[in-house]
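Shared chain: subunit A. Partners: subunit B in the first complex, subunit C in the second.
Up next is the complex of A and B:
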């Protein structure tokens, strides 16, 4: 992005969006890295996010069965008269303006969340592009970043690494787990029953016509250790038994070559890069602990 | 009170909102917030509920789609989602069948009504309303909200 005002170049996507909000930018922001994606802005407000990482509003409407393929094709064919897909859809009574706005808003936040799970390598703005469907007047970039961060925090209550969980295929429900499925809601049950050991949470979201975040959340809450662990453990094992089952290690003996984390006076505030407190813990995941909600990597 | 928010009226209103969105260039109207505002005012009235705040929240994620009035007493959309998820999980673990339909929280000064609105082919939506307890018949208010919301996704 060219900046003739002499301001500092934005260092990540949230600060770029904040700057564009101040400028009242209208157009597209194409983000590269991972699956990439495009954010569509009007007066700096985000009205749509299109990314291969998450189902678009079109996918949500079609794959969920909300609108049938023939009706969709007919609406597309009528584009020449109306000049606008949203107007075609609502004008034919396929979906109300209120529901369309809701679906587009859901797709927008889900797209931003899915893009934030992957590292960003760069971006460029394009004032000419328009989205297929959008929820205008659009969302404040600050609220988008806040909601994305909240979603990551919520998932981290159940999962050690959100990005890792999102990449992995979802194992099918075991025979023992099937017995516990009755103790889950219908929505969660549907997701779990579509898992086949090959599909990732993203694939499941596309197959079901649901967002990536709601699918991840349902899976995380149903996973062993999650809040809804009823599927795998109908009767939770008593805590004391679980602890006693761990191998006993004498206090004096070193348990491995990795030392235990040790607090040092002033250590918590004095580290130049305070992302992790555990030695040898490896590089941080692209999304963990940023707190900004959207990817942190700088533009080239 | 005569309930004006029949299905046909909401449909008619939807068309009006649509026209506003596409015809007033440069000043787009958020269709959802406008409809919610009308649902919110539909629950007002001397012998019914004086709604102090109404919100539409995603039942699967807690994302707030639209708000009308003062919703602070109900907490954020995420708070409402957490409350319902907790109750739903507990009910399912206890062996309850079917899906949760609504929750009413009674506090000293307010009622907080949350209805789960199913949506064809999509995750449900929560209609959350905070009502002044002194001027509200909760049963009547719940019914009015349900009627007003009926046509939202028609």
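Up next is the complex of A and C:
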């Protein structure tokens, strides 16, 4: 195992990335363990994550139907002229540069999150590899670690073990449960109806062209105890309420002299604003219901 | 051993492969002439997949022999949405793996030889 820096070997991937950030490393970091994955860095900033554990930007664009296969193949064929897939796609008007950046950023955060659910057994750096698509200039490693931790915390509010839930096949919705699906949003309903008792949340994400995190969040919010539970809940629990842990007035408490709860920076969401270059390009606010990597919803 | 027992063991082996390699969705075992033996499928038509895979493995073998690049290792069909991998199981059977585009190829290369060995022993015992 080498960290490529010559210094004391980092203890984990976040500390490795921090060290590489200090060094201004450009290249790939191949992580082994579970299905593994590769992080692509430029000057120490993470621009792309490719892993079998989460759909890439290509999968998000193709599987969601945002870009058709013939168009994609035409863009690939033009690679010889442009030398760059992103330029091929934007040059042919298949997707705007801003939207492509957004989808790539979503795939990046989702890939980092999905890789964090797996055990890491080692890593090595490779200065020669480049990603297929990336969101340059990239994200600060600390920002990536912070967001990954936030996503895990958010899911833990619904699930006893996020990694275990992510590994297990999602049970199909029972006949009784189908009646209750109407109360859920179309996005959640689509996820639940694709569950067949074989597909894991990761498989569903690939099948639908969505991020693993938004799929997990939809599943967790709709049915923490299994798909059938969706029918028992007339209204899905509002996530923001569940996350506003401390200063929450008990039901029935006199509220005449209390103002409505207000969001504060670094409060319940713990999500400072304005850190990404494009609004919503990073992680979605869990209450917004848009989820990461939903090109069909972010499409103009 | 009854005929039902090896069939269940074959399906259990297929299920184990699906669960151990990220991206593997469905699998089919067929004879080399395309008759279905066992399947762990959800949406694919196992009989059709068995017949087509047998044809593609036969073509792959003939092509490999024609060009003199050594014996055939596997036939991989790479699609926009995933992979179809056909592996020979001995001389008389084959394993078809349908996987999504996120397939953990390294994991498949690690796990598939043991699966193929196991399937071969089950089939020869049947």
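Points to keep in mind about this one:
Criterion: the second predicted complex is superposed on the first by the 216 of 300 C-alpha atoms of A that agree within 3 Å, B and C clash if a C-alpha of one lies under 4 Å from a C-alpha of the other, contacts with A are read in each partner's own complex, and residues count from 1 in each chain.
Everything below uses one rule, namely that contacts are C-beta pairs under 8 Å (C-beta built on N, C-alpha and C of every residue); 3 or more make two chains touch, one makes a residue touch a chain.
Here the structure is a predicted model, which is why all the values come from computation and not from measurement.
In the superposition on chain A, contact is made by A:69 with subunit C only, not with subunit B.
Considering which of subunit B and subunit C touches more of subunit A, the answer is B. When both complexes are overlaid on chain A, the residue A:218 reaches subunit B alone and has no touch with subunit C. Legend: residue contacts after superposition of the two complexes on their common chain; A:173 is shown touching neither subunit B nor subunit C. Once the two complexes are overlaid on the shared chain, A:162 sits clear of subunit B and of subunit C alike. In the overlay built on the shared chain, the residue A:90 is in contact with subunit B alone; subunit C does not reach it.
In the superposed pair of complexes, A:116 makes contact with neither subunit B nor subunit C.
Using the contact criterion defined above for the overlaid structures, shared-chain residue A:29 touches neither subunit B nor subunit C, since it reaches no partner. By the touch criterion given at the top, residues 18, 22-23, 25, 42, 80-81, 100-104, 106-107 of subunit C touch subunit A in their complex.
Looking at the complex, you find that subunit B touches subunit A at residues 11, 14, 17-18, 21-22, 28-32, 35, 56, 58, 60-63, 65, 78, 85, 88-89, 92-93, 95, 99, 119-123, 125, 152-154. Those residues of subunit A that touch subunit C in the complex are listed here as 34-36, 51-56, 58-59, 62-63, 69, 72-73, 196, 198-199, 202-203, 206-207. Here subunit A touches subunit B in the complex through residues 60-61, 64-66, 84, 86-87, 90-91, 96-103, 105-106, 109, 135-137, 147, 150-151, 154, 182-187, 209-211, 213-214, 217-218, 221, 227-228, 230, going by the rule given at the top.
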